[in-house]
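Heads up, the next two complexes both have subunit A, just with different partners, subunit B and then subunit C.
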Partner chain A sequence: MTIHLSIILFLPLATGLLGAFLPRGLARWAVLAGTVAVLAYTVALLADFDGGGGLQYVTDDEWIPELGIRYQLGIDGLNLFMVALTAIAWVPCTLVAAFRQHDRPKLFFFNLALAETAVLGAFLAQDLALFIVFFDLMLVPFYFMIGGWGTGDRVRATTKFMIYTLAGSLLMLAAAVALGVLSTPDGGEISFSLADLQQRSVSEGTQQWMVLLFALAFFVKAPLFPLHGWVPETYRSSPIVTIALLSGVLSKVGVYGFLRIVLPVMPEGAQHWQELFIIVAVFSILYGSILAFSQDNLRLVLAYSSIAQLGFIVLGIFALEDKGAQGAVFQMLNHGLVVVPLFLIVGVIAERARGSESLSELGGMAFRAPVLAALFLIITFATLAMPGSGNFVGELLVLFGTFEDKLVYGLVASVGVVLAAVYMIRVFQGTMHNRPGPDVEPGEIDGLHLAAIAPLVAVIVALGVYPHFVVHRTEKATTAAIQEARGIGQEVANR
Partner chain B sequence: MSGTSYGWLVLAFPLVGTLAIAFGWLGGLRGRTAGWIASGAIFGAFLSAIGALIQLQDQPEESRSLVDSAWTYVATGDVKVDLAILVDPLSVFMCLVVSGVSFLIHVYSVAYMGGDRGYTRFFAYLNFFVFSMLLLVLASNFVLLIVGWAFVGAASYLLISFWYRRETATRAGIKAFVINVIGDVGLVVAAFLLLDQTGALDYAGVFAQADHVFGHNDGTLVAACLLILVGAFAKSAQLPLHTWLPDAMEGPTPVSALIHAATMVTAGVYLIARTHPLFELAPAAADVGAIIGTATLVFAATVAVAVTDLKRTIAYSTISQIGYMVLGVSVFAYGAGMFHLMTHAFFKALLFMGAGSVISAMGGIQDMDRMGGFRKAMPFTFAAFTAGALALAAFPFTSGFFSKDEILAFTLERGGWYVVLAIAGYAGAALTAFYAFRMVFRVFYGNPVEEARELEQGHIAHHPPSNPATGEPEDTDVGFPAEEHHIAEREWPMRAAMGPLAVLALLAGVVQVPGVSDVIEKFLEPTFADSHFHDTAPSDSSEWVGLLLGGLISVAGIAAAYHAYVRRRGITLQLRDRFPRVHAFLVNKWYFDELFEALFVRPVATAGGFGRAVIETRFVQGFIVGGATGVVRVGSSLARAVQTGYLRAYALLLLLGVALLILYFLLASS
Partner chain C sequence: MTLPLAEIQAPDIDYKALSPLLATIGGSIVVLMVGLLRGRFVQTVLVPALTAVSLLTAIGLTIWIWDPGVQQPILEGSLTVDTLALGIAVLVYVAGLVCVALSLRAVAARQAGHGEYHSMLLGSITGMVLLAASSDLITLFVGIELLSIPLYVLCATELHRRTSLEAGLKYLVIGSVGSATLLYGLALIYGATGAMQFDAIAAAISSDQVGLSDPLVLTGIALISTGLAFKASVAPFHQWTPDVYQGAPTPITTFMAVATKAAAFGIFLRLFDHALGLSQLEWGPALAALATVTIVIGNVGALAQRSLKRLLAWSSVAQAGYLLAGVVVGSTLGLQATVFYLAVYLLMNVAAFAVVIARERVSEHGDDLSSLENLGQTQPWLAWPMTIAMLSLAGVPATAGFIGKFYLIDAAVAGDYAWLGVVIVVGAVVSFGYYLRVVAVMWMAGHEVVLPTIPPRQVKPVSGWSPEADLRAQPEIAAIAIAFAAATILFGIWPDPLFDAARDIGTSLSGLR
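For the complex of A and B:
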């Protein structure tokens, strides 16, 4: 079966454009159909994918030959499930937006569709310049969605969001250009193709500062402490589906960049900063968990919990050990799968509490909404990485990988596991249990949200029962991604 | 069918039961049907366990350890985990105890929970609990064990906070859950250490390698065993991780009987027995287990003497009795430990059922100070509760008599400083007999209270629904816990559950009488055949000496309770007034809750406040964001010259900068 990645990539954008010219009632169906078609195509991809093979379904065309930039797409174990996550996450979010977004809906749908194309592009790109193009393209629709449809102090939120992410990606751009230029051999052609960059080399000293610039961009996006200054306002002001996608999917692009670009292309530089990045990750785990525990606003609890979860992922990657990296890749998928429905549930709760999203005003909803409570409960357990969930397997592998060489960091990170139990159960109880809060008018989950959330819960449960489905397919590429940096680390240790 | 097929069936029944009830509820399933479906599912599991037992006994002794894998759970690098079960005498023994006792408690609950608005939800949770517990005991590797371990914790959490409108219940739930997660983390780290050293995560692989890679008291192995103990102690409520169990009494009484007495809390004992090859190689860790078990049994017994809440008294008694079991398996008396696990499941479940009946008759009140004289009003409950109390007090020839004293006889047999542990165990036994009958005499003897008199006239007391812990009134629109109350005297399912347990509590000791029978020891032998402590079993005669001593202590304890609570009522009040400090110390449970509050809860809360108030505002927003906006401000003041908005100017400036950088590199390279 031939699978053309360009179809997956541009289908959302095409339907978004199409929707712009359709009447309002039809536009939503067009955009929705686009996301569903991408999902269907991705399922075919998952079925067809060869776990033992390398990069597959490659598309490789010239784009800007003068600058050595190619239109290069491909799928391997690293991005297979990131593409799947994108496809899975966009369907329920588009569904909810399609029936809940009444203000300038067509424009919103277009932004949503453009965002999907951009994110898919960032995941699929096999050329560094192409990656950066899509990486920055992601900002545009999100900027408009937050600024145009957000609530509260959205101007301040978008400003901060833009400053942080723009600063990050411009630093990355500078580093990328430098990388392309410095790695060009004498008399050779400049190239940004990742495969070429991996073959060529730049000196260790140069790699070190380049890695740092890339890391700044990726840490801002993740986000990790202390580069999360944009998080509180953005999370508070964004439309709920936007923030669900931002937190669930966009945050993965950064950490994915480490595995796709930083570690294979600049292994010495990555290895050089290993200790620092691990410390940042561990600190983010603890700091995010403790802050999540002391927030009152539901979105902020999830915001800080994401900082902690992303800390786990970065920890797994920079443990530079096969199990840890495997766990990180799996956890990237798992975290996205739980965060998206969590935010959608926040939306459901707010609809039943006169817009309130603060724990101190909520409570006691389970009695009139047992189905909502049951779905929420399963997602809560998965989020806190309860054994039996895919998240547990991911975290277990991350911890096992970290223990291998960095036992103490791993043990400190384990404290985060306990803290996660505290803040997630606190959220569940604070909304579903105890006495009803002053603003709560409890009601059962509506059909729209049920249709959006229940399939995600089914996927979460399925991954808990058979995690090997993912792990088996990601193993080869993940091991290859960290191989070189890992080897350098071992050499250093032996010396 | 093979033994493992029966093993899978054991798991399938309660899982299907859970799903059937949950989805049945969506389809309109109401009323007692849910309770009967749940009970039927557990009975199916019990029958399947018997099937597994029969299949196992057909095998020759050395091959009574069957593993069957459903599919690969996760495999990457050196981690290889199958979704596989292990059917051997130990797991089958546990399956029988768990499913058998669970079945009776399900039947009891059918009536006891009647009228509760959460009836269907209750049975879905209860079946899920049994599934988790059976998964825990049937797991054939550490990862699946941890999965069952955590599921059990989750089920326990859900059932503790079952009446979730009560803040005391939800707080107790989160406390139990978090302490259980601490245990999970301990097990995860232990599993890593074992994987790292032995290259395996399944029991057979780890134990086979352990002999080769670990020396006697190898440091890593001792660490791994201590971490296993962290897991075991969190689940089994041993010092210092016990504080969640008394609070767990916020759950409905059948939950206390099933989860917080008979099954889940004994998982730690099972775990130590399961991993005995490791503990035998690391006796230092086993000694830690024995010492903590002993300390716990004495500590909890002293608290049980002082508290007046009926359910919490039994909860401390559970902590204390599990201390005996931990002591038993830690001194490598596996048969004795498992024997006590079984008899304790019988008599403790029975005590809780009796207590539930009494609490119902009291209209929801749990304080023993308010109770008295129920003997005539509730003859059946009185008889059953007394049977349970006799077994708990290890009264001669009851089940607890044989099982508890076997543990202490083994401990004595080890000699040396273990004698101190045995003596502490006997001291604890005296306290046990005393508090067991303190409950009997305070609840059933003396002048009948108003509720008892009402019941004698034929109607059950109803108080306005209120939280027994705080006294605050309950939301009536929610209706749980049920306003109507059910007592054993009037409900046949409750009697049908308590009757067999009362018989078992009194007579189950016959399976293991020194010099007469040793059914359990013999049955479990294939699992423990590799034990190096096979020959240290005490002789029959020394066991009988121990039994005589234990019997005397038991009778003396009961007599003391009779003296204090029947013959000379009020003597305890005098004691309390004489030693107020001692009393306060005991009633406040040795101030463990306060200690943890000060050590962990408050520091984390303070750190959170500090993070929010100082780090977030001063550092992240003030320094980093402030720095960034400072740059922007400079940029925008520059940009004002060209009359643009500052964001655009900022982007422009950065782009300009990057363009310059690009230019530089392009120039530099040429």
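For the complex of A and C:
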């Protein structure tokens, strides 16, 4: 029993609350200090983490005994790097916001801090009900940030975002309560602890509809192909910092839920829908890639590319092979690490083009801004999974995992890798090369954005050089997560 | 032949158990008498203070006689002062105190006369507690009438506003129809079972003579549920709700919304889960269908509202549907979840209505949504409570509303009504459509929020630019809003006290699953 995770979890919220009582100008620095402290703490955890062990730094207390909800946190290979991604992503985004966000700063930074606490909570929770509490809670600060500080038709966009995601997550709530109640043995106490739920079981038919409701919530959040209706408006209207976090970190909570909850707790149900989920994933890869290629707005290119990338991750998970799942977990980290700086670069570009984010009006920036172009190029290569990048390793593992049993889907998905190269190079050329657009005033990246983006690029390069650092630590937990569903799949095949 | 007087046995009267009722009846008489005195001090200070003292005494007495496990009826079986009755009583008393505070500077109390206004309020409160504690059919009917008649009058206390008078009349007519239906149902149950007391009815239904599918019993149950559904604004008997909520003086609306609902669900629980508990298989599906209809109609109806009071009225219809789910399952868990949700419902609705009162007193938009425009910047101390109340009503985590919904879904699934849990959740998703609009108007520069296409009304602020309309003259309103919103958050994070109370109340009805 340790207190470390509770400190990490509530430190951002505490600084946000503190900021609310400080003078106007100081709130941002309090929150920024909080995010840096969380990052430092996470790095210490990372160094201390035992790759061979199971759940570590476990915190386990009663919260609401009547409902069987426990305050249960822990870290293992599955969420270690998700927590790290959250901690890493929040620092540059808060930093940029601290210098750029001047309207009602107290409220904005309170929301930013609350969002970090909620996301960390969703990753750390080892109790299903606690997970759902944080999963729903994280919508609230994003609702306020998009609606209060966004642009364009923001209120409509943020309402749509909320209702879409809540429709998914509240149905998941119903399924989760049903899971807790139905799995309670006669005379036993109700429990939502994931470890308990894994021991208890519900009938296969019940699992099937529950998995479907969980998947609905996670697919909306990710987002994947048929459930992405909220994406265009939300991405267009959000503040750039918010959308970087939404796309880079929040989208991972959904796919993480598959590995943490659906596969270990409801293996029969998950196995039953394997084919459907793979098809959804493959469709997302193709649909996202093709739309990313045809969009003019930079944000939307990234939005649709995210749909494709998350398709890859879900494909890796539901291949139900060790390699595929490891690739998926690695890719969750990689995608977060490239999307956050990509959105920040979109912000830089827009600042130099009188706010334009449209490819047809941009171009020719590389001449005057070699550093910006170089950073952008590294991130672009990482995104399109150039050999030597972490994304290459991740996507390769996903495809290997898929080839083993689902060759056809794997082949179709490989097309996505090619398309990724096409749309990312199109973005790079459209902004950096070509003739400068009418409103473009090329200029070098400013110190603020350099300080925010350069460390992220360093991490991307480091992971490309030494992917083993991640894979070694996640291997054991990932294999354990899919083990049961995989075993059932093989049983079915043998019959 | 003469009947010797000495042979008539007067029933034993347990004054200790009756003491909270006596406190409010006594208070009602004293307040009425004192209110006859003229003078500003008596009217605006002494009368409300005496009312508050009466209610606080009642709360104190309730806590004094709080004793989990007592199920024995008193007064020859006409009243059961158990933890269920006392729990509902506490909610009603708190709602009454809130109403007194909100009425301090209200036009309604001035126009109707403070003495009469507060006396009727205490009378209605007595009726509610009597209803929640009643354990025979006669007491039930007396309780419901004592609750309703003062409320009909209170709705019409803003004598110079047509809509207030209209609300009173409408409530009177529809309420009477509800009462008549209820009375007919009670008569049929008596006819079928030959018993007045709930214990005896339960025994008769379980015996061989009456049988579970006796047509008289079933018709009686149908008519009783109709009558109670009128009071609890359960669809399709809810049509009066938006009009009456909007027309009545807002402090009275607040009281009506939370206290009437608590009392109505108190008797719903006692009558259906206790007296008719054995026939749960017969009425369960019917009530579940009512709950579904209520959830759908309430949430869809609220989507098109511009008036905050109407919006909250429709939302209260939807919430009645959620509450009904706890009754349907007929289990101890359902009983606890319903009472828990009633308490949570009180907290969040009081916070929301208090903000509406504060705004309609000073804004030329009255209770229109646009009266909240940009409140986040101009009056954050009002905007925050409203935001918290809306998020809690919608069921966002870290608010008490989330835990309440979780508990209700838990009870529904455990009672083999998993589909009703899904209906609750779907209703909650729809409800975000209108709750979030309120939040957006306050924080996200109102003119960008798409409002329903009903032309906004230009109305005179309720206090009519009088000194009472001054912003500084509403400290008690803001204090109530902030206190109840804070409690909503507190119980969302640390709900143990509410769960303890709910567990005590769970012991009150015997024979539940």
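As a working rule, the second predicted complex is superposed on the first by the 492 of 495 C-alpha atoms of A that agree within 3 Å, B and C clash if a C-alpha of one lies under 4 Å from a C-alpha of the other, contacts with A are read in each partner's own complex, and residues count from 1 in each chain.
In the analysis below, contacts are C-beta pairs under 8 Å (C-beta built on N, C-alpha and C of every residue); 3 or more make two chains touch, one makes a residue touch a chain.
Note that the structure is predicted; figures quoted are calculated from it, not measured.
Visitor: Which touches a greater number of subunit A residues, subunit B or subunit C?
Guide: The larger set of subunit A residues in touch belongs to B.
Visitor: Would you sort A:A33 into first (subunit B), second (subunit C), both or neither based on which partner it touches?
Guide: A:A33: touches no partner chain.
Visitor: If we overlay the two complexes on their shared chain A, which of subunit B and subunit C does A:T159 touch? Say first, second, both or neither.
Guide: Once the two structures are laid over each other on A, A:T159 reaches both partners.
Visitor: Which partner chains sit in contact with A:F144 here, subunit B, subunit C, both or neither? Use first/second/both/neither.
Guide: A:F144 contacts subunit C only, not subunit B.
Visitor: Just to be sure I read the superposition right, which of the two partners does A:I64 touch: subunit B = first, subunit C = second, or both, or neither?
Guide: After superposing on A, A:I64 lies in contact with subunit C but is clear of subunit B.
Visitor: Considering only the touch criterion stated at the top, classify A:V177 as touching first (subunit B), second (subunit C), both, or neither.
Guide: A:V177 sits against subunit B and subunit C alike.
Visitor: Just checking: does A:A167 make contact with subunit B only, subunit C only, both, or neither of them? Give me first, second, both or neither.
Guide: Touch status of A:A167: both partners.
Visitor: Report for A:I132: first if it touches subunit B alone, second if subunit C alone, otherwise both or neither.
Guide: Second partner only, subunit C.
Visitor: Of the residues on subunit A, which ones does subunit B touch that subunit C also touches?
Guide: Residues common to the subunit A contacts of subunit C and of subunit B are 159, 162-163, 166-167, 170, 173-174, 177-178, 181-182, listed in rising order.
Visitor: What residues on subunit B touch subunit A, complex-wise?
Guide: Interface residues on subunit B, with respect to subunit A: 22, 25-26, 71-79, 121, 143, 146-147, 149-151, 154, 157-158, 161, 164-165, 167, 170, 173-174, 177-178, 181-182, 184-185, 188-189, 192, 195-196, 475, 478, 604-605, 607-609, 611-612, 615-616, 619-621, 624-625, 628-629, 632, 647, 650-651, 654-655, 657-658, 661-662, 665-666, 668-669.
Visitor: In the complex formed with subunit C, which residues of subunit A make contact?
Guide: Residues of subunit A touching subunit C: 64-67, 104, 107, 129, 132-134, 136-137, 139-140, 143-144, 147-148, 153-156, 158-159, 162-163, 166-167, 170-171, 173-174, 177-178, 180-182, 190.
Visitor: Which residues of subunit A touch subunit B once you look at their complex with the stated criterion?
Guide: Per the stated touch rule, the residues are 159-160, 162-164, 166-167, 170, 173-174, 177-178, 181-182, 184, 225-230, 232, 287, 290-291, 293-295, 322-323, 326, 364, 366-367, 370-371, 374, 377, 381, 384, 386-388, 392-393, 396-397, 399-400, 403-404, 411, 414, 417-419, 421-422, 425-426, 429, 432-435, 466-468, 471-472, 475.
Visitor: Would you tell me which residues of subunit C are touching subunit A in their complex?
Guide: 376-377, 391, 395-398, 402-403, 406-407, 409-410, 413-414, 418, 421-422, 424-426, 428-429, 432-433, 436-437, 440, 443-444, 448-450, 495-496, 499, 502-503
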